[in-house]
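I have a structure I would like to understand better, so I am pasting it below and will then ask my questions one at a time.
For reference, chains read A, B, C, D, E and F in written order, and residue numbers begin at 1 within each chain.
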Amino acid sequence: MTEHFDHVPTIDSAEDRARYERGLAVLQAIDGGSGAAVMDALQDIAPALAHHVVAYGFGDIYARPGLDPKQRQLVTLGMLTALGGCEPQLEVHVKTSLNVGLTTTEIVEALIHASGYCGFPKALNAIFVAKKVFAERGLLPVQDHLTPEG
Amino acid sequence: MTEHFDHVPTIDSAEDRARYERGLAVLQAIDGGSGAAVMDALQDIAPALAHHVVAYGFGDIYARPGLDPKQRQLVTLGMLTALGGCEPQLEVHVKTSLNVGLTTTEIVEALIHASGYCGFPKALNAIFVAKKVFAERGLLPVQDHLTPEG
Amino acid sequence: MTEHFDHVPTIDSAEDRARYERGLAVLQAIDGGSGAAVMDALQDIAPALAHHVVAYGFGDIYARPGLDPKQRQLVTLGMLTALGGCEPQLEVHVKTSLNVGLTTTEIVEALIHASGYCGFPKALNAIFVAKKVFAERGLLPVQDHLTPEG
Amino acid sequence: MTEHFDHVPTIDSAEDRARYERGLAVLQAIDGGSGAAVMDALQDIAPALAHHVVAYGFGDIYARPGLDPKQRQLVTLGMLTALGGCEPQLEVHVKTSLNVGLTTTEIVEALIHASGYCGFPKALNAIFVAKKVFAERGLLPVQDHLTPEG
Amino acid sequence: MTEHFDHVPTIDSAEDRARYERGLAVLQAIDGGSGAAVMDALQDIAPALAHHVVAYGFGDIYARPGLDPKQRQLVTLGMLTALGGCEPQLEVHVKTSLNVGLTTTEIVEALIHASGYCGFPKALNAIFVAKKVFAERGLLPVQDHLTPEG
Amino acid sequence: MTEHFDHVPTIDSAEDRARYERGLAVLQAIDGGSGAAVMDALQDIAPALAHHVVAYGFGDIYARPGLDPKQRQLVTLGMLTALGGCEPQLEVHVKTSLNVGLTTTEIVEALIHASGYCGFPKALNAIFVAKKVFAERGLLPVQDHLTPEG
C-alpha cells in the first residue's frame, strides 16, 4: 500500500496500546459493558475505528476533568437527539447515563427539554429509545414530579 | 425535587386540562386515531411531553386559522422529509394528510418535489413510507397524470 | 478528458436547450427574477448546474400538474426551514412564495407551524429571512388574525 | 379568515398573558436580556412565535424542576452544536450559560466534547461563537487545566 | 388535473425514453442490479421519481466525464454518511462502490475518514452498513494495512 | 479541578507533542497554510481542540495509507456539502483540494454530483464557496468539458 506521508500512523505501538488502555478504563467505568459489544463488532472490519473511538473519544476527551460524567452525558443526550438517526448510539448513551448516575427523571427531562430546540419528532424518537432501555431495566414508569401523583 | 424558579409549571390544572382538551379535539379531527397510540405510549415515561405535543402542537399551533389543514400537511410532509430519520412521524402524517383530504397524488407529488431540494435519498425514504401507508389502505397504484395512462 | 460510459451527457443539444427553455419559462413565471441572479452567478463555474436546476428542478418537476405553485411553495418553505443553513435559497423562495400568491400571513404561518417540527432555532432563522424580504417590499407589519388587533 | 376548527387559539387572553408572564420571568432570570432583543424583533412579523417561545419554551419547559439551569444549558449547547446553522441561537445560549453559572471552561469543555459526536467542523463553528461572546466580555483566554499552565 | 404552466412535463415521450435509457445503461454498468429493485418498487407509487433518479441522477450527472466512477463513489459515501438516516441508499452505494472497483479497504478507509468530520455515531452507522454488505459477499475480515498483521 | 477518572489526559507530554508534530507535518503538506489560521485562533479558547484536530484528524487519520489525499478530499467535499452550515471548513477544504492536486473541474464536478444526493440548495451553497476560492486564485472560469466550448 502506497504511503502518502512520511508519517504512517499505527494503532499497535506500545504508545498506541497505552492510549487505548487508558480510554478503555474510562469506557468501562461509565458504560457497564454496552459499548464493548460495539467495539467487538468493529474488529473484523475497522479495528482502527474501534481504537480511535476508545483512545480519542474516551481516553483523550471523556477523561478530561472539565466536566463530570453526568454533565458529559447531558451534552451527549442533546447531541444525539439533535443529530437524528443515531438511535443505536443513543441507546448506549441512555444506558451510560444511568450508569454514571443520571436518574430516569433527569434523562427524560433532557429529552423533553429537547422538544423546543429540535422539534417534537426528534424528541419523540429519543424518548422511545429511552423507554426501551428503561423497560429492559424495570425502570418504568418514570416519576415526573409535575404529574398529579408527583 | 428542587425548584429553580418561582414558577413551577403544571400539566394538570384546570387551565392545563382545558388547553389539552382543545388540542386533543384538533388532533382527533385530523389524524383518525394514528396519533393517539403515540400519546398513549408516552404515559409511563413522559406524560408531560404528550401533554405538550397535544396542547402546544395541536391546540396552540395547528388550530390557528392562517393555513388550512391540507396546507399544514404540505409543510409538514416537506419538513419531515428534509429532517430525515423521522419515518415514524412521517407515517402518522401521511395518514393525517389523507384524512384531511390530500389525495395520494398530491402526497406523492410533494415527495417528488422534495427530490430537488433534499436529494433523492431522503425523497426515496419518504416515498417508501407513503407506499407502506397506501398499501395498507388499498390505495395503490397511485395515479400519476403524467404517466402514459394519465 | 476520459469518458467512463458510452453515453456522454450534453447540456447544449437542441433537446437540452428545449428542456432548459421550458424550465426557464416556469422559473420566470414564478420567481420574478430572483432566481436568475443565481443562475447567472453559476455561469463561470458550473453552467451545467444552472442548466440542471432549471431543466430538472423547474422544467421536469415544478411544472408537473400534481400540485399548484402555492402548494409547492408550502412544501418548499417547510423543507428549507428544516434543512437549515439554506438562508440564501429560503430568501429566493420567500420571494417566489409571494409571487405565486401566498400571503405574508400564510408564509409566516408556515414558519410558525415549523416550530413544533423543527424546533424554535430553525423556525426563528427562517422567520428572520422572511422579515428581511417583507421589509424590502414594505410588507411589514404582517397581520396576524390572532393578535388583539386581528 | 376561515376557521378550520371549533377552537381558535389566542395569545392575548388573561390565561395566555399569565403563561407568557411566567415564561418571561424565567427568561429574564437566566438570559440577562440577550433573548429580549429576539422577541422584540418578532413583534412586527410573528408576535405569536415570540409568545410561544416564551410561554412554551421558558414557561412550560425551562421552568420544570427536573434539571437545573446549568444542566439545561449543557443539553442546549449540545443540541445547537449538533443542529448546525444555529449560530445566532448559540450566541444567545453561550451568554445564558454564563449567566446561569457555567464557567467558560465548562462551556468550552462541552464543545470539545462535541467533537467526537458531531465532528470537528460543527465543534469549530460552535467554539468560535463562544470565542466571540467571551471576547466581548473580557473572558479570554479560557483556562484549560490540561494545558501546561493549568 | 389542472395545468399550472404552458409546459406540462412528460416522462414517456421518445426524448424522455431516450434519456431514461441512457441513464439506465449507466446505472446497470455500475450497480450490478442493486438499484433496479428500488426502481421497480417505485412503479406503483411514483414512476416519475424512478424516471428522474435514472434520467437525471445517472444519465445527466453520473455519466459526466469530470470524475470517474470510483471518485464519484467516494463523494457519495461521504455524503450518505454525513446526511444520516440514509442506510438503505448507503447499502446500495457500498455495493456499487465494490462494483466500480473500490476495494473494501478503500471503502472502510473513507468511513474511518468520516469520523473526524461527521462524528463517531454517523461513522459507526455507516461502517455497520458496509459490514452487512461485506458479510453477504464473504469479504470479511477487511485487511487494514495498519493493523499488526498488515 | 476534580478528576473523575484515574487517567487524566494531557496534551503536552513528549508523546502528545510527537503526535501533534506528526499531524502538523501532514496538515502542512496538504493545506498550504489555510488550516494554520484556524489552529491559531483556537489558542486562547480551546488549545486542546487545536491539538486534537491536528493530532487525531491529521496525524492519526489523514496520514493513513488507505486513501490518497485526492481521494480523501473527495470524501471530505461530499461530507461538508451534505452537513450544511460548514462553509468556513468547506473553504479550507476547497483550498486543500487544489493543493493536493484536484483540478477545479474535479472539485466542481464533485459538487454537481452532490446535487442529486443533497439537493440543489446545499450544492449551490458549496459551489459558491468554491467560486470564492477560485476567484481569489484567478482560476475562473472553470472549464467544463460538457459546455459548448469544451
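We adopt the following convention: a contact is a pair of C-beta atoms (placed from the backbone, for glycine too) under 8 Å apart; a residue touches a chain by one contact, two chains touch by 3 or more.
Everything numeric here is computed off the predicted structure, so don't read it as measured data.
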Chain pair, B-F or A-D, that carries the greater number of C-beta contacts: A-D
Of all other chains, the one whose Cα centre sits farthest from chain E: D
Counterpart interface for B-D, drawn from A-F, C-D or A-E and sharing over half of its contact pairs: A-F
Most remote chain, CA-based centroid, reference being chain C: A
Distance from the mean Cα position of chain E to that of chain C, given in whole angstrom: 26
Chain A and chain C: spacing of chain centres that average the CA atoms, whole Å: 39
Residues of chain C whose C-beta touches two or more other chains: 1, 8-9, 48, 52-53, 56-57, 61-62, 64-66, 80, 83-85, 105, 108, 112, 115-122, 144-146
Chain E contact footprint on chain B (complex, rising order): 84-85, 105, 108, 111-112, 115, 119-125, 127-128, 130-131, 134, 140-142, 144-148, 150
Residue ranges of chain D in contact with chain C within the complex: 1, 8-12, 38, 41-49, 52-53, 57, 80, 83-86, 88-89
Chain F - residues contacting chain E, complex: 53, 56-57, 61-62, 64-67, 71-72, 74-83, 105-106, 108-110, 112-118, 144-146
Touching residues (chain side chain F, partner chain B) in the complex: 115-122
Touching residues on chain F, where the partner in the complex is chain A: 1-9, 15, 22, 25-26, 29, 48, 52, 56, 59-66, 68-69
